[in-house]
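Each structure below appears as structure tokens.
Each of the next two complexes has chain A plus one more chain, namely chain B in the first and chain C in the second.
Coming up: the complex of A and B.
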């Protein structure tokens, strides 16, 4: 006769069966709260990776709560932006399973989605046992979600951060003295920059050296684009007359910028704006709105933040977003979804806004909430409404930001950067520089194996 | 027989002592170099699975290099940067060493002071020069303004950007040549210059006929070290100009960096690096050969 210790470990006793049945019935009745109670992911170590960003630094403060709720451990690796992109590219392209969740980088999203390197998240959001109704995937701003969709409309990422290009003016006092109004067109922008430049030691405009982010809204404003018709047709369009017109306009605009602006970093440009040494800065809201919100700002009383001016053909301020997704070969997909669901939940999003003033979230319900509006309305300016308006634009009509989500963009963007600097410094006339850039971009793409 | 045994034992001891170092050297220097060459024979791109092992057209990358205007331009920029940088560093280092080759407490302090740039981390040097070259915060520009002199933005000017890099690079590495030459100067016996003085030679003649022949080998070696190192002026270019404006300061290693890290063309970037490696090795061997020839002639 065998004693209890001799019984096989997997033997099902009547008591165990009753316990399991009771637990199953309870799980079916109350699926969401039970995650915290039963801790189905207890013992799981979730591996995730992203580039360093304030969002994750803040999120890390809350992760112990998530670990407590679910019983899993979160191993979040944060690297510098280029380093992360290389690691993730290599990991996903080689079919690795080192990560359970990853940042879906905006500029790489289209390639990763098209190559089938990510899991379709509709499988998770479509299952009420995995996603409660109140999580509401449709709450994410549509413009921020566009990069994470495939041709059939499947979703491969949910955006945790949005960047919407807006215009900050730091010296409205000078503008008012000169009788200048906030520019609404490119022509007015040119005039305001030129007239303010040099007044009271302030430059007309400031920018930074990532030209392939700053410049495309001007190219598109004149009707041009980086590629002929992205994401389908990626033949470079750098020497089209509209593109050249945009390049010439931006080069002329920077004549009202501080000396050495071509080598300015984002921080330098931001400081120039915050101290009132430059009147206008057009960049993502996170970089511009500090003139009204930051304690560093010396120009709070004389600043405004508004939409960037419209071009004669298009009104296309740039925008982007970063998403969280699950690699196709991840080992713990359900656990990863649990993390994404939690990290992008309305609750965490609102806490980030309220407790840390982190405003670049992508949930419409948060951006339009009273609490968000209260925190982000300064001197009568509703920064949240402006942010939302710009972030939504690429989803209305053509997705004009598609140029930046194709994998060929970094190659063509690098060529564009160099060509623009040649024009801005007078090394070459715009037409010659852009003709050479077009040839170089095509040669570089072919060298990289792109079929044109 | 016994003598041979000792020799054999000694040889074995030397081999035994050297083996760990050789293994480490092989692992950290030779293996990556071999991998670099292997990679250069593929169209390896981080965004293209399988491309790392595609050897179907092994010389394709090398064939594309001569027709790549940015690569050719980067070689020219590198040559200018290396030539002027090494020339200034060797000449100024020698001049400084000659001036400070005296016994004095103050001079000893000054020597230590001059060594500071060399011991700073390269990225710190780049940040210092970034501040100096940024017009709206730089003391250099404030001084110029006070003197009613208008200075252009050095790092974004087509005419000055490369010069700005050369100045910063010279500031950083001048102490190296200074230290080498000073050490050489201190080994020259005083009797030679004293004898020349008795024979009626002036200071210039003493320098030309006595001092210079003594320090020439050191100047050549310093120049060679600096030439090899000048190819690595990466932090300055990365932080000060990003290779711009346009491609005015885009040296070969910065171009290789852009290819590998911005556009993910690892295979092509490896080919650029291999060519750069061969050019540096060729120049170094040429200089060594010249040095030996000179010694043989002497």
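Coming up: the complex of A and C.
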């Protein structure tokens, strides 16, 4: 076979001439810059990861539209919550560039932001060429955005999901029969739970074993906290009198709960509430509302969703959010921003609400819209207003949810869980258990290398 | 019934065996019955013992990414077992027949790699794999499992080779057999129970591994144990699928163990009464 260089130059054929003319005509009709603008990310494969959540399951239905618009291909890896956190933590902290966008898990947000593992998104929102004005970053509920800010106010994530602690009541019929009103204070809550407990086979309240989520609002309600002054001062504050008071209160409250409640999973608590076997469940709105309104719910007509009662000192219902961010070492940052912008756009958020009834979005304009209100008004209660009010609270004055976003929380949370179980099961008086817990928490933090 | 079996089958003994079996099998049976229930039935209290079984959990598993993960597990466990045996058996034989001074030191050095906890190797493996592009690949998993199983194979197989009389090999050599023939036709058949027992242990290690698979895989090479965990969602645990996945994960090991049970008992107990 001859080399190409050895072959004689061929004459231009008629077919070649026609082909060249057609190509020229096409280029004239669609100039190159226009083609580039139509599919600005053609050929890019965007790698993203998160834990499995209904939001992403729904979003996946729309992703083909995004791929069509931009020309990029989205590879979204969804894993179980602990699996994702483990893998993302390892990838980001070891300087990996496998992901272009990631879920910034609430409990990891502070450490990822402080460690500089994420890109500052203000660079994207501040550039009108990259972010149109109507995207409006200020539309995101401020309370949900707090975890994704650094000390200087830079933004490292935008929230796609919010969880606001609310109180679900399943048996208003029983409450009314007994002449009981919806409790608004801790004292009233205690009284209502005790009076309902055992009536018509229902327990007063139900909870689940994640005490370090359920318990802090009670501790804070009495004026205590998990740490002295997080995120700056993370000395544990487990044996403060206010903390002990909160622990004692919650342990007493659970005496009106079903047997074995200390080991209940969220599913067991869910089942207990929706079958009317328990009257009250205080948990994230993303859980409580769907439970009461689900198809299997036997208490749709007798249920209410209201604010969690206020403590004698503070009214601090817990809240959290999950965000989307771009790793510092991501290979396709602009493409990733395009995805985040699209996924959290007012349009997609509204479609999720209207087409799927997905309510835990974080855009104020959506939550306050008529469409949202229409879908989320149940038994006369405007759940959107309630959700927004609670979600907003940590941004008003003290960020009381800061305890949950510091990297030391899991260690202290574990100690708190064990101590609470000792108190609730009567193994130790609260004071003794919490004094021991304080020492254990300090020792565990020091072992982990924390300077106190 | 033979005289032998009749001697043992007293009513008391039968009751004791039944109770023991129930205790031993109850976690498995519980898991199995859960896999045929809906999520609501699983969470009912008290749990219903009589219910209409459903195949829904298995069907949805079949249609989910779990089926690919199951194949990944089968591939990584089988290939790593085969590789570990392929390299480990000749190594063990060589070590058995070697009369040099450093024999015990070398044997111990080989085992040392098995003594360290896997977590000590995970991060180096992760960083290295990312660098050479083996992250989230079956090849990567196979190499890790092989490296961990190789010392096990050498250590388990060496005593089996020690029990094969050298005189047999010498006789074959005198008869004109080549070394390779002696090894494959005379020595290996005599250590078959050992190979079966070792293969089971290697397969079990790779099949049940969660930690390496968690760190070194993402979606393409995700194995069944990690896939089962993926049914623990943020919004709730899919108990039915977890149970169905757990039951399926147990199946290959059970089948494999049953297939080689004839060799397994003799393999695992070989040398137990030597003295």
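Keep this in mind: the second predicted complex is superposed on the first by the 413 of 452 C-alpha atoms of A that agree within 3 Å, B and C clash if a C-alpha of one lies under 4 Å from a C-alpha of the other, contacts with A are read in each partner's own complex, and residues count from 1 in each chain.
Keep this in mind: a contact is a pair of C-beta atoms (placed from the backbone, for glycine too) under 8 Å apart; a residue touches a chain by one contact, two chains touch by 3 or more.
All values reported here derive from a predicted model rather than from experimental measurement.
Determine, for the superposed arrangement built on chain A, whether chain B and chain C clash or fit.
clash
Pick one for A:80: touches chain B only (first), chain C only (second), both, or neither.
In the superposed model, A:80 contacts chain C only, not chain B.
In the superposed arrangement, does A:448 touch chain B (first), chain C (second), both or neither?
A:448 contacts chain B only, not chain C.
Contacts for A:51 in the overlay, against chain B (first) and chain C (second): which applies, first, second, both or neither?
Only chain C; A:51 stays clear of chain B.
Please name the chain, chain B or chain C, that touches the greater number of residues in chain A.
Touched residues of chain A are more numerous for B.
Between chain B and chain C, whom does A:153 touch in the aligned arrangement: first, second, both, or neither?
Once the two structures are laid over each other on A, A:153 reaches no partner at all.
Between chain B (first) and chain C (second), which, if any, makes contact with A:424: first, second, both or neither?
A:424 sits against chain B, while chain C stays out of touch.
Which of the two partners, first being chain B and second being chain C, lies in contact with A:90: first, second, both, or neither?
both
Going by the contact rule set out at the top, does A:266 touch chain B (first), chain C (second), both, or neither?
second
In the superposed arrangement, does A:296 touch chain B (first), chain C (second), both or neither?
second
If the shared chain A is used to align the two complexes, which stretch of chain C, 110-118, 128-136, 218-226 or 254-262, clashes with chain B?
Comparing the options 110-118, 128-136, 218-226 or 254-262, the clashing one for chain C against chain B is 110-118.
List the residues of chain A that touch chain B in one complex and chain C in the other.
82, 86, 90, 94, 268
Give the list of chain C residues in touch with chain A in this complex.
Contact set of chain C toward chain A: 39-40, 43-45, 123, 126-127, 130, 135, 214-215, 218-219, 226, 229-237, 239.
Inside the complex, what are the residues of chain A that reach chain B?
82, 86, 89-90, 93-95, 108, 111, 209, 258-263, 268, 272, 277, 407, 410-411, 414, 417-419, 421-422, 424-428, 440, 443-444, 447-449
Report the residues of chain B in contact with chain A in the complex, numbered from low to high.
Contacts found on chain B: 43, 45-49, 51, 64, 67-70, 133-136, 152-158, 240-248, 250, 258, 261-265, 268.
Provide the residue numbers of chain A that touch chain C in the complex, in ascending order.
Residues of chain A touching chain C: 49, 51-54, 77, 79-83, 86-87, 90, 94, 96, 98, 265-268, 270-271, 286-287, 296.
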